[in-house]
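Order of writing sets the chain letters: A, B, C and D. Residues in each chain are counted from 1.
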Amino acid sequence: MAIEPTVRVQADNFDLTAETGKLTADRFDIGAVVTFTGLCRDEGGQLSALELEHYPGMAEAEITRIARQAAQRWSLTGLTVIHRHGKIAPGENIVLVIAASAHRQAAFDAANYLMDFLKTRAPFWKKEHLKAGGDKGWVDAKDHDEEALTRWDQS
Amino acid sequence: MIIRYFAWVREKAGREEETLSPPETVKTVADLIAYLATIDDNHAAAFEEANAIRVAIDQEHVEHDALIAGAREVAFFPPMTGG
Amino acid sequence: MAIEPTVRVQADNFDLTAETGKLTADRFDIGAVVTFTGLCRDEGGQLSALELEHYPGMAEAEITRIARQAAQRWSLTGLTVIHRHGKIAPGENIVLVIAASAHRQAAFDAANYLMDFLKTRAPFWKKEHLKAGGDKGWVDAKDHDEEALTRWDQS
Amino acid sequence: MIIRYFAWVREKAGREEETLSPPETVKTVADLIAYLATIDDNHAAAFEEANAIRVAIDQEHVEHDALIAGAREVAFFPPMTGG
């Protein structure tokens, strides 16, 4: 039976060791844990913060739906997704996916799948706020994020 | 029916949500968009690029040809940029 | 220019948050961090410990060689590999790979590549010690681990 | 030349390492394996499944047809099971 994912949408930061520990504590059937952390980039040094607007309720529901698909498709012992909302400073964490499995490839693939679908299906929108004041508007969705999904099509 | 707006759709519409009862001739999401765009200039601006707008009915993604019968909450927003 | 990987072969455990923090601290060009943790499994409940023998010197050199290949192939901002040796109890960590990049797919691919090559190229050997006393001998290499490498062939 | 053994090759050979100077007729890794296997019963047992044995010269993986000229350290071990 597929495991039930843990999904949280929160303003607060998360801790990698603590969240991983929740999935692995007192278990001896886990051979592999893959974590993905998405961070706020600011290569130009212009940003004061990235503001993440979300659709409360649907955000949790949609992430849960995607996570359950991953848990159906790969044999996992645990799956956690934490997505932050609100203002996030450059260098800070935005999103965390943790996939635990007996075997390494299932953990890698499930985490990779989750991230691809979160990018284009989870109801979050990013606005760039500038150090100079004001904002650069809403970040555009990227075509290649949509294209990345096709590799997960099953024949 | 509760209508919700997010990101630049929200900013253009000038509101986060509103409750309204569209006429019976409004069957699909596309019909609803066409109807909402007639309300005022703000709504017209929000739906100007109708093709760019994504829709959820009761918190599930749907296409523009989806029927809205029975919908409690319809949300309009730009393509998502999560993760 | 490709980054220089950090490679450690040690008896001690490692901390995911601390090791990730070393790669991300004071940087604003990192969008994605993927970590892989390999753990000691014991589904049958028979093991007292897994003993990891290694070839000192060559272990560090070979992991560094593989890590540099990954750093050449993908655009990374940081790459850390920590491999433990000695006796490791069921449920404990064995190996850690961290790949940091501006973009998520490079981080996923580099970590996945590292693990595939570590499995069959890093000079470590596992012996299973039993709770009942004695040992189950040396763990056999798996054919599918060798086969997994072919997907990384470049045309 | 330092010869090192690991895992079950070490256990069968009954030693971790030894220093020796093979005769000049020993050119390749395969020659060295054949030579070492003649030393005593332990060495013969260690190299019984010669095809299963992996080799490193000066801490780099090599095939059995590699030349050993100039090698400082040659190591013999089973297929690796790291990670």
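FYI, a residue touches a chain if its C-beta (ideal position, glycine included) is under 8 Å from a C-beta of that chain, and two chains touch if they have at least 3 such contacts.
On a predicted model such as this, the values are computed, not experimentally measured, just so you know.
*Asks:* I need the common contact partners of chain A and chain B, sorted by label.
*Replies:* Neighbours common to chain A and chain B are absent.
*Asks:* When the centre of a chain is set as the mean of its C-alpha atoms, what distance in Å lies between chain A and chain D?
*Replies:* Centre separation, chain A to chain D: 48 Å.
*Asks:* Just curious, how far off is chain C from chain A if you go by their C-alpha centres, in Å?
*Replies:* Chain centroid spacing, chain A to chain C, equals 23 Å.
*Asks:* Roughly how far is chain C from chain D, centre to centre by C-alpha average, rounded to an integer in Å?
*Replies:* 26
*Asks:* What positions in chain A touch 2 or more of the other chains?
*Replies:* Within chain A, the residues that touch at least two other chains are 38, 104, 115.
*Asks:* In chain D, which residues are in touch with two or more of the other chains?
*Replies:* Those would be 83.
*Asks:* What is the complete set of touching chain pairs?
*Replies:* Pairwise, the chains that meet the contact rule are A-B, A-C, C-D.
*Asks:* Under the definition above, what is the set of chain B residues touching chain A in their complex?
*Replies:* Contacts found on chain B: 4, 6-8, 10, 56, 59-61, 75, 77-83.
*Asks:* Going by the contact rule set out above, which residues of chain A touch chain B in the complex?
*Replies:* So the residues of chain A touching chain B come out as 38, 52-55, 57-58, 61-62, 83, 94-95, 115, 118-127, 137-141.
*Asks:* For the complex, give me every residue of chain C touching chain A.
*Replies:* Counting only chain C, the residues touching chain A are 15-18, 20, 24, 26-43, 45, 90-91, 102, 104-105, 107-108, 111-112, 115, 148.
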